[in-house]
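Some notes on the structure that comes next.
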Amino acid sequence: MTGRCAKSLAEGGHAWDKLKEECGVFGIYGAGLDVARLTYYGLYALQHRGQESAGIAVADGRRIQLQKGMGLASEAIDLEGLSSLQGHIAIGHVRYSTTGSSHLVNAQPLVFRCSRGMIGLAHNGNLTNVNTLRSQLFSNGSVFQSSTDSEVIVNLIARYSQGSLIDSIMKTMIDIKGAYSLVIITEKSLIGVRDPHGFRPLCLGRRGDAYVLASESCALDTVGAELVRDVEPGEIIIIDENGLTSRKAFQSGNRAHCIFEYVYIARPDSRIDGFNVNKVRREMGRQLAREYRVDADIVIPVPDSGKTAAWGFALESGIPYEEGLMKNRYIGRTFIQPSQNNRDLGVKLKLNPVRDVLAGKRVVVVDDSIVRGTTSGKIVKLIRDSGAKEVHFLLSSPPIKKSCFYGIDTSNEEELIAAKKNVEEIRQYIGADGLHYLSLEGLLGVFGENQAVFCTACFNGDYPVDISDTNGSGKYVLE
Amino acid sequence: MTGRCAKSLAEGGHAWDKLKEECGVFGIYGAGLDVARLTYYGLYALQHRGQESAGIAVADGRRIQLQKGMGLASEAIDLEGLSSLQGHIAIGHVRYSTTGSSHLVNAQPLVFRCSRGMIGLAHNGNLTNVNTLRSQLFSNGSVFQSSTDSEVIVNLIARYSQGSLIDSIMKTMIDIKGAYSLVIITEKSLIGVRDPHGFRPLCLGRRGDAYVLASESCALDTVGAELVRDVEPGEIIIIDENGLTSRKAFQSGNRAHCIFEYVYIARPDSRIDGFNVNKVRREMGRQLAREYRVDADIVIPVPDSGKTAAWGFALESGIPYEEGLMKNRYIGRTFIQPSQNNRDLGVKLKLNPVRDVLAGKRVVVVDDSIVRGTTSGKIVKLIRDSGAKEVHFLLSSPPIKKSCFYGIDTSNEEELIAAKKNVEEIRQYIGADGLHYLSLEGLLGVFGENQAVFCTACFNGDYPVDISDTNGSGKYVLE
Amino acid sequence: MTGRCAKSLAEGGHAWDKLKEECGVFGIYGAGLDVARLTYYGLYALQHRGQESAGIAVADGRRIQLQKGMGLASEAIDLEGLSSLQGHIAIGHVRYSTTGSSHLVNAQPLVFRCSRGMIGLAHNGNLTNVNTLRSQLFSNGSVFQSSTDSEVIVNLIARYSQGSLIDSIMKTMIDIKGAYSLVIITEKSLIGVRDPHGFRPLCLGRRGDAYVLASESCALDTVGAELVRDVEPGEIIIIDENGLTSRKAFQSGNRAHCIFEYVYIARPDSRIDGFNVNKVRREMGRQLAREYRVDADIVIPVPDSGKTAAWGFALESGIPYEEGLMKNRYIGRTFIQPSQNNRDLGVKLKLNPVRDVLAGKRVVVVDDSIVRGTTSGKIVKLIRDSGAKEVHFLLSSPPIKKSCFYGIDTSNEEELIAAKKNVEEIRQYIGADGLHYLSLEGLLGVFGENQAVFCTACFNGDYPVDISDTNGSGKYVLE
Amino acid sequence: MTGRCAKSLAEGGHAWDKLKEECGVFGIYGAGLDVARLTYYGLYALQHRGQESAGIAVADGRRIQLQKGMGLASEAIDLEGLSSLQGHIAIGHVRYSTTGSSHLVNAQPLVFRCSRGMIGLAHNGNLTNVNTLRSQLFSNGSVFQSSTDSEVIVNLIARYSQGSLIDSIMKTMIDIKGAYSLVIITEKSLIGVRDPHGFRPLCLGRRGDAYVLASESCALDTVGAELVRDVEPGEIIIIDENGLTSRKAFQSGNRAHCIFEYVYIARPDSRIDGFNVNKVRREMGRQLAREYRVDADIVIPVPDSGKTAAWGFALESGIPYEEGLMKNRYIGRTFIQPSQNNRDLGVKLKLNPVRDVLAGKRVVVVDDSIVRGTTSGKIVKLIRDSGAKEVHFLLSSPPIKKSCFYGIDTSNEEELIAAKKNVEEIRQYIGADGLHYLSLEGLLGVFGENQAVFCTACFNGDYPVDISDTNGSGKYVLE
């Protein structure tokens, strides 16, 4: 289960040509439980969603205490010090920054005092109208100390100081546009919020009398909770001494779940919005085999992201599955440097071709996607240098042509290879004998009849939420 | 010049029965100067005003950078790292907390972003209506991250987001009650503000084209600037590329300068609101001699705070001045622990009686004041144990009977010995043969005809600013 | 069609023991139409819902013009001056005050300028938390010129000055509790809003390309529009140059339509929330006949409110229907004075018994309800004095025991006869031989299976929206 | 005393080429007095300052009642109804609109409810930054119902809802720029405010225990009060049950009293800012005689505005004073129509030349000023047609070249004849044999050594308060 985490850690740096994971959130309300430690384990299970900083806030009915730091959860949080965070409610956050730079002041949860007492907040996603909101808050006298869009949410909630906290959250949801899955802690309650499109996942679990909220169901498993259901788009879940209640800030409809969670981001053992990630990924591989018929000797994955799809391809095509690239699991995050030189080195250090498997073979390689294209070319060369006769490069998703503004760092559009080159040009660029991207129809077909519920903006530019207030990049620069 | 600073450091802990110094502020605007380093030196000269934390903020016309930490300026600020703080404007702060606990989040300067860009603020003094203001700000949606009254000022300035910054400061001055000497830094200007009563000192200096603001003129000397004048009560001084301008938020009148600055707080080499501290203190000693005529062999000070007054006493009375108590200058702050056991030990470790001077003598001891009375008794006993025949304890100020709410930590009223005992009872308590406090008339007489301009609330309870919004203690507990 | 209006006019004064009608709203968006005049006709059709004041606001895309005055629409509005109100959008209002006294300043529509330009608003209903909201607005600096709860709505909408107008309305809907059907006019659009419980009616009609909003469908008929549908509880309808769009501020559920609209308030030719008022009323009469079996010679209505139910009673029971009380249609509003003396006189002047019909008969009299009981006793006496042998008094609704806080003036609870007396006591009080109120089950049964969608608070005290913020009366006194 | 008032009434219309008077304010605090009636008399004495609308608000310690209407005080206010306005505090206002059009909604006092209870306000002057302030208030959610700058002041005061009312007024004074003399009534107090430049007059009087505030001291005389002093620029006067207190929102300095008050606006029997208007005007005439030496037979005034200066001219020059133009005092306001045709007629109807006085004479005519020049030419022709041999036209003020933005309606600059023509050109235009304007030095010399305290912007364009936020005209168009 933690294998995938290890993979993500190794791939977390800019050196590796992958979409960046975003953030993971976790929350628990459970009298009599060591909620701080359970949250720590929850973050560990969500570590693949962010490795820049981590934090835990714990409430005991009267106040909120906080621990946060830079790095992995295990680096950021002092497990021994955690035992001093007594209480029955906790939230946690792992962060890869999409907004705000990598400083401790930007680490989450954010904890603050307002007219309602202390409140803490952890956020996964990205607001698209943060510039407008921030300048409105400025002109009304707000003061900011960080550069995150999450501090904007905090200030909006505090601004709506009248009525109930849920009223404030509902009004805030009217203001904020874009992607957000939130867990909020007050002195006495745990609250989960999901944006009306449901861009980012958020699920609800139960362990005995305790309730758990998490970005992915794999974190529920880790703390011994069972998946109850996904939080619905536009829903607010409140858990307090009266149990669980639900409010809908917006009527249902217009779902736009991030399809890339299924392609790459989420852990395969998670179940998101009704779909088992592992099963969905295998179907992508099967569909790839239907779309791209080729005479080949073996099919191999780019580990680890291509594994499940490669297996599906093998099953459907009948071509034998092999593991032709071995991954060095001992490459830590600190080793990988974001300079260009190291990038070249990085691929070789990270992936080792198995010459016995590859030599003389017509090889089908399956990966999930190509971002800038730099790594793919090196992988093709590695395989060819190992004696392969043919190398067919297959992707379990369509070409990424557009930036994401809803919480995934896709780089600027000008860096995306598919924004400038067509498939044939990319094939030549990476030096493969064949190149095929899964068609968008094929990808959507995997989900059966529920095809209208996904955001596919990175493939076709159909942005479900207006992005005109952004500055053209999925990563905001507020500083 | 730094001798006094060393003394203050040694006396800074709670173990020593002294009024607590408060805070010191410094600001400089000077193109071409190493303003960060000059501010560091300025804080060094003001170190006696606060040893809990220190910080420096530097502006270069476009942004503000900050360094701050716990402890003395030399501990809190990395002198090497300081060289990276480039700019032509700087402010600095040394802090002894009167409001808010001793955490880094409460250290100053506070730097924040608001509609006007970045602003930093350093504050000496204490607001008396902070609870009211804070709850008003809360109900209007403000968010707080520290427990200082200074963050209240910051939020008020940001709230008044329309009109000029000076307009905002003027409106804020209408709201805030109590004592405040502020230095404010923006991306392009340095601003000094003094409350309409002028409780705490703030002076203006000049070095060539550069302007300097400081709590005491001794800090001007340190950075090679000359004293121009004191900032007037209710005045706002703005220094920017257009030079210096002045605004009066309130008409003059009702000055209430803290008289205790002259008795104990300020460095003797400072000149405050037109009076030379050293000269004033010597006159207090002379007046003490006029009020308390005694046959004695020698007059000795309690070092260092009683020195100048003892010297004045000797001059006026004709009784020879001796140094009968030697101070161990090597006792650091860290050594002194605030527990009761250590307090007893503390006096002996800190003061060494000179038996040759004291034995067989009728001794007049001069100190500046008595707070709780614990240390004074030990000093009398030390002297008597050294062979003195008589010990007359003289104070260069009247009995402290009331708490200060304007920036000095006098402890709660119930801890003040003079709030509960009369002079004869105190004499018995400390075991002296004679005890005399300088009369309030005598103290005021030292200043000639300008006697109506001082706050003497700690002596007689005449509070110039309403204190009903405080919770009965000069030290606010917002947490 | 105007017969009913005439009736209402005659019964509008306090002298007549009836629940007071509340307000009526109307709106139209139609290029090329004389919208001011059509609104005038619409108000005429809704006149039975309010006779204290009337007003019309017209927008032409650039500004809003207003005419309003005291009295009936025909008195308040200058039909000739109306022709100067050019535009393609209009709203109108007839008012019986539930909040605010009877002054011109309280007449609606309210027209004001805010950051979005000019806006006008007309409101039917009553907010239950207006005191709280008003004091919150006060503390945030709002200024009020009237005493209506509608001005509170106006200020809230203006407060939420950021985002779209619809966003502002949605946030306002989170704040305001209670009953509200609103029509709003901006310089360029017409908006209809109905509270999440749907207390008061509001329907949507169409005439060619023009859209019409009205409290009751009878007003659609008057202006030649067809009923499209009812506005849903929690729905916002926006009509502008782009046509009609709908937003749901709240998810559906928890409907609480005022059942008294069907019993008495609405015009019988209206269709409200799917039910034909005339048909429903006749069924009430039928059900009454099933519940109260009596040997009688004739059944007569109290005109006009009892007519339809009396007819239903006659159909079901087989007892012949007669008109035994004739109404003097020439009694104007101005004639009826609210003093006690005139009340006695009032009944005789207004109702004339037909001796030929009544003499020697066992009479069943059907009315819709009893409020204070003063009039009912006089009617029984009138009939008995005309020679009737028996008088059975039947009501097509259950006893009114509780005040309404959602827009109907039921008087204070202490004035309601059924709050203090049981049915037998009331029978004695009014001097009837028999008295029967329709049972609540019987009333609800008329609506078939949709029995859970009504507010029946005036009968059983089940208030769907918290009334603790009211001051115990359905009529707010803000002055 | 009322003669001057009558004159003003007759000249109040647009037909007569005069600067428009602005507004007059009055306030009284006096237990046991009929304050409503005294205010009515006060307005009567100030009628020359505005004839478009009038109003009176009266407070009795618990609430404020209001009467206002269009026209003269005698038309707008029902003297009998006034007796129902019981209380011990009152304010009144006569208005000639400089901002906002002539509708009842714009008449003053404005009375409103805010967090502090009821407040009424009457304003003389003109704000120069009303557009900026209004849009700021809009963006913070304020709602406006009139088009006056006074409603802006009202909303600002209400916005500053925390601290004392005086604090709110002080903050408001930081925001508002331009000219304002205010009288404010609360349920329990009377407040007078004068802008920091003192553009418009405001004086304080006393009658027994009662205090009076008025635009001019002539109104004090009318109600039997004695002039105590002028309200100082930047001063706030508060009168309540504790008597009178004063606050200074701004330090003194930069006075800019409107010099035109002395030239034309004020009544001659008033004493303003230390100068007797009558005496000052006579000195203007004397100075005119020193500057313009001429052989002439008689000196006559243009009645009534030139009378006092003509008399001074006669005294200094030795030329005999005569009344050569008789004024028809029975021309009412309603008779004068603002069309061009009637303007021609207007002069003849209004002024009748006395042929016996004028025939064969060399005539010096003295008036106070020329605005557009239309009337002056007609007067010259009238005199010449009556047989005068020479006509010398003299003005007791310099040429008006610039618009006023501080409360006087000078017309747009393009309408001012002196903005386009030099003196010789104007002489030809009006057909006089000689034309002389009093020099600015000469005018200022009349005031002795206090020459730096006046606003002379209409003569020389030295605007003491920035006018860049205005739209180029002294009369704002907010609608």
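Lettered A, B, C and D in written order, each chain numbered from 1.
We take it that a residue touches a chain if its C-beta (ideal position, glycine included) is under 8 Å from a C-beta of that chain, and two chains touch if they have at least 3 such contacts.
Quick caveat, the model's predicted, so the values are computed rather than measured.
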Greatest separation from subunit A - chain, by CA centre: D
Averaged-CA centre spacing for the pair subunit D and subunit B, given as whole angstrom: 54
Chain centre separation in whole Å, for subunit D relative to subunit C (CA means): 53
Whole-Å gap between the CA centroids of subunit A and subunit D: 71
Residues of subunit D engaged with two or more neighbouring chains: 139-140, 160
Interchain contacts, given as pairs of chains that touch: A-B, A-C, B-D, C-D
Residues of subunit B touching subunit D in the complex: 136, 160, 162-163, 167, 170-171, 174-175, 248, 250-252
Of subunit B, residues touching subunit A in the complex: 112-115, 135, 138-145, 154-155, 158-161
